[in-house]
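Shared between the two complexes below is subunit A, which pairs with subunit B and subunit C, respectively.
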Partner chain A sequence: MTLFNMLFFAIAALIVASTAIAITRRNLVHAVIYLIFGFFGSAFLFYLFGSPFLAALMVIVYAGAIMILFLFIIMMLRVEAPEEHLFPPRQMLPAVFFAAAYVAIGGLLLINDPSAGAPLTEARTEPAEFGRYIFTQNWLAVEIASLLLLVTIIGALLVGQRPAREDEE
Partner chain B sequence: MIDMDLQTWIIGYGVLILKLGAVLLFLLLMAAYLVLVERKLLGRIQVRYGPNRAGKYGLLQPFADTIKMMTKEDIVPDAADRIIFLLSPAVVAITALLMFAVIPFGPDITVYGRRVPLVVTDINVGLLFIFALSSLGVYGAALGGWSSNSKYSLLGGIRGAAQMVSYELALGLSLIPVVMEAGSFSLVEIVNAQAELPFMLLEPVAFAIFFISAMAEIKRIPFDLPEAENELGAGFHTEYSGMRFGLFFLGEYVHMQVLGGLIAVFFLGGWRGPLLPGPVWLALKIVLVCLVMIWIRGTLPRLRYDQLMNLGWKVLIPAALLNVVFTGARLLW
Partner chain C sequence: MGIPFGYVLALAGIVVVLGMICATTRRNLIMILLGVEVMLNGAAIAFIAAALRWQQLEGQAFVLFIIAIAAAEVSLGLALIVYLYHRTGSLNPEDYQVLK
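Take a look at the complex of A and B:
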């Protein structure tokens, strides 16, 4: 076993363990903190695979921005820990189904297409090269994602504005 | 052959440790004396003397303060979330100190035939590294406020999280024109791109937006709502005592210097300047930015919460977005 493999399995174990702890915590703030460790693990994996750019983005977007919003909402609403079962079956079943489907599709992809396991060379180069690759080879996906974000921004604006308008009338 | 490799490795490691030690010593000493300078200058602005008892002109005051805080009792409230409460101040101090690792403080120098770059580490995503750390720094304030389990602290923590997340957007967007001009995320490259003209003259709008949102990011006075003394006691660090409070305090003053360093690197040409050596120029620029921030603190009142959010979302972010478009148009012209 090389040093690279050992690091990979250590980090992978860290990710799985911290996310597993995250979904079983009753204290929501503790859950968020464990999830942040999970995202850190993913960032380490990207770094290990030779892409500091993706690692930095992972920390900025997920660990830094999205989780701080989770934390903000939990702190503002002062959500108390739920008394009864953490996962009612109603929520458990879809989660298990999607997780199983994800594993199955990933496995099938690896078996049917041997090149699927190959690293994306563009992600390991300079940030400028990677940007060129994203905006020339995958421009359609970028446009779809940005359109989706625009729709959510407009939706958030609408949801935020409605009560104010009723007050005025 | 192997001996040569080992030798290179050991020397490289030694040089790295030396650079780390020098940067850390500089940062901590400067932080201690920035506190003194701030108290003295604020005193003068308010027509009083400021601290002048410990040593000549109060020059030993920072040491007296440190000894006082070290020897005070470290109180953890009964209702606090113990582990998070204990670790939060460290998050603030660590993220602030680590940011200095990518700031270049001089040109490459040659010592005994070896090239030594005057930067702790030059990574090609240096600018993103700084953003990653600054977005993690938010956790220190937010979790410190939450784990204290006190109403004042919680309010301070919530305000801190909202404010820092809002202004981080403007902070990031204001730097995109700088990256466009320099064509790199590396701070060394950004300084090299300013060999002829500092970006402050090329991108005055970006400079203004960065300066304002960076002051909000480190919670200094027109933006100090998370610790607003007359409403919240001391905000997110109300329950902290002794050296844990000291770490929050240290983090704030190190952050001030990091901000000075970043403004120097992105807009004032970094270590570049005539006659004096690079590190001296960088230090001078950092001190200059810090003095301006102290001056602003002595002059401006605190913003109201709605003014704070309006300024961030309705003025700074749109202005930063427009600035990106204009810079792009100018570069393509």
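Take a look at the complex of A and C:
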């Protein structure tokens, strides 16, 4: 077993464990902090799989911006840790049924697929090469993503504005 | 030598299932949005493994757009959650029963 394999299994265990802990927390702040660890694990995995640029982006955007936005909102709303009945059986049973079916069928599919055993070997994409690829082959998608972000900014501004106006009246 | 591609797909599948359980069983809008984030993360793991498996850059390009879309979705979703909280004083989706 090489270091590459050991790193993969360690990172996979880290991601699954921290995500599983995060989704069962009653305290929202704890959930977000555990999820930040999970996203750091994903960033490690991206680095291991040879894309250091996306690993940096994962840390900056996912762990740094998105999760901190969650923390801001949780603290702004001062959610007083409601006595949320965790995992009510009425919703839990169908979810567990579909999750088990999904895992079983997916596992069988992977066992059945001969090309699923193809080993991944180490490779590396330099950020410059990746950027050149993105802006020459996928420039339209980049434009669409920027337009989407613009629309989101305008939408968030509109949605966030309204309650303040009603208070003034 | 090397990790079988199926292992990484299994990891991505487990992460997506965890996110799905979070999004469907929690009764808190913020946790539901976190579940969607976890599912997007699982999809990103699958794409990056596929990029390595076939030595193509398309998978990595997809992950870039997944990150951009996740950022857009979260900012708009949180703005809506704040708006709903100011209107109803609750984060429980079962409390939203007024259609106006």
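Please note the rule applied: the second predicted complex is superposed on the first by the 121 of 169 C-alpha atoms of A that agree within 3 Å, B and C clash if a C-alpha of one lies under 4 Å from a C-alpha of the other, contacts with A are read in each partner's own complex, and residues count from 1 in each chain.
Note that in this section a residue touches a chain if its C-beta (ideal position, glycine included) is under 8 Å from a C-beta of that chain, and two chains touch if they have at least 3 such contacts.
The structure displayed is predicted, hence computed values, not measured ones.
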Partner chain in contact with A:5 - subunit B first, subunit C second, else both or neither: second
Partner chain in contact with A:126 - subunit B first, subunit C second, else both or neither: first
Partner chain in contact with A:76 - subunit B first, subunit C second, else both or neither: both
Which of subunit B and subunit C A:52 touches, first, second, both or neither: first
First, second, both or neither for A:68, with subunit B first and subunit C second: first
Subunit A residues touched - subunit C or subunit B, whichever exceeds: C
Footprint overlap on subunit A, where subunit B in one structure and subunit C in the other make contact: 57, 65, 69, 76
Residues on subunit B engaged by subunit A in the complex (per definition of touch): 81, 84, 123-125, 128-129, 131-132, 135-136, 138-139, 142-143, 145-146, 154, 157-158, 161-162, 164-165, 168, 183-185
Subunit C-facing residues of subunit A, complex: 2, 4-5, 8, 12, 15-16, 19-20, 22-23, 28, 31-32, 35, 38-39, 42, 45-46, 49-51, 54, 57-58, 61-62, 65-66, 69-70, 73-74, 76-77, 79, 82, 84-88, 91-92, 94-96, 98-99, 102-103, 106-107, 110-111, 113, 115-121, 123, 125, 129-130, 133-134, 137-138, 141, 145, 148-149, 151-153, 155-156, 159-160, 162-163
Subunit A-touching residues of subunit C, taken from the complex the two chains share: 1-11, 13-15, 17-22, 24-28, 30-31, 33-35, 37-38, 41, 44-45, 48-49, 51-53, 55, 57, 60-61, 63-65, 67-72, 74-76, 78-83, 85-87, 91-92
Contact set on subunit A toward subunit B in their complex: 29, 33, 36, 52-53, 56-57, 59-60, 63-65, 68-69, 71-72, 75-76, 126-128
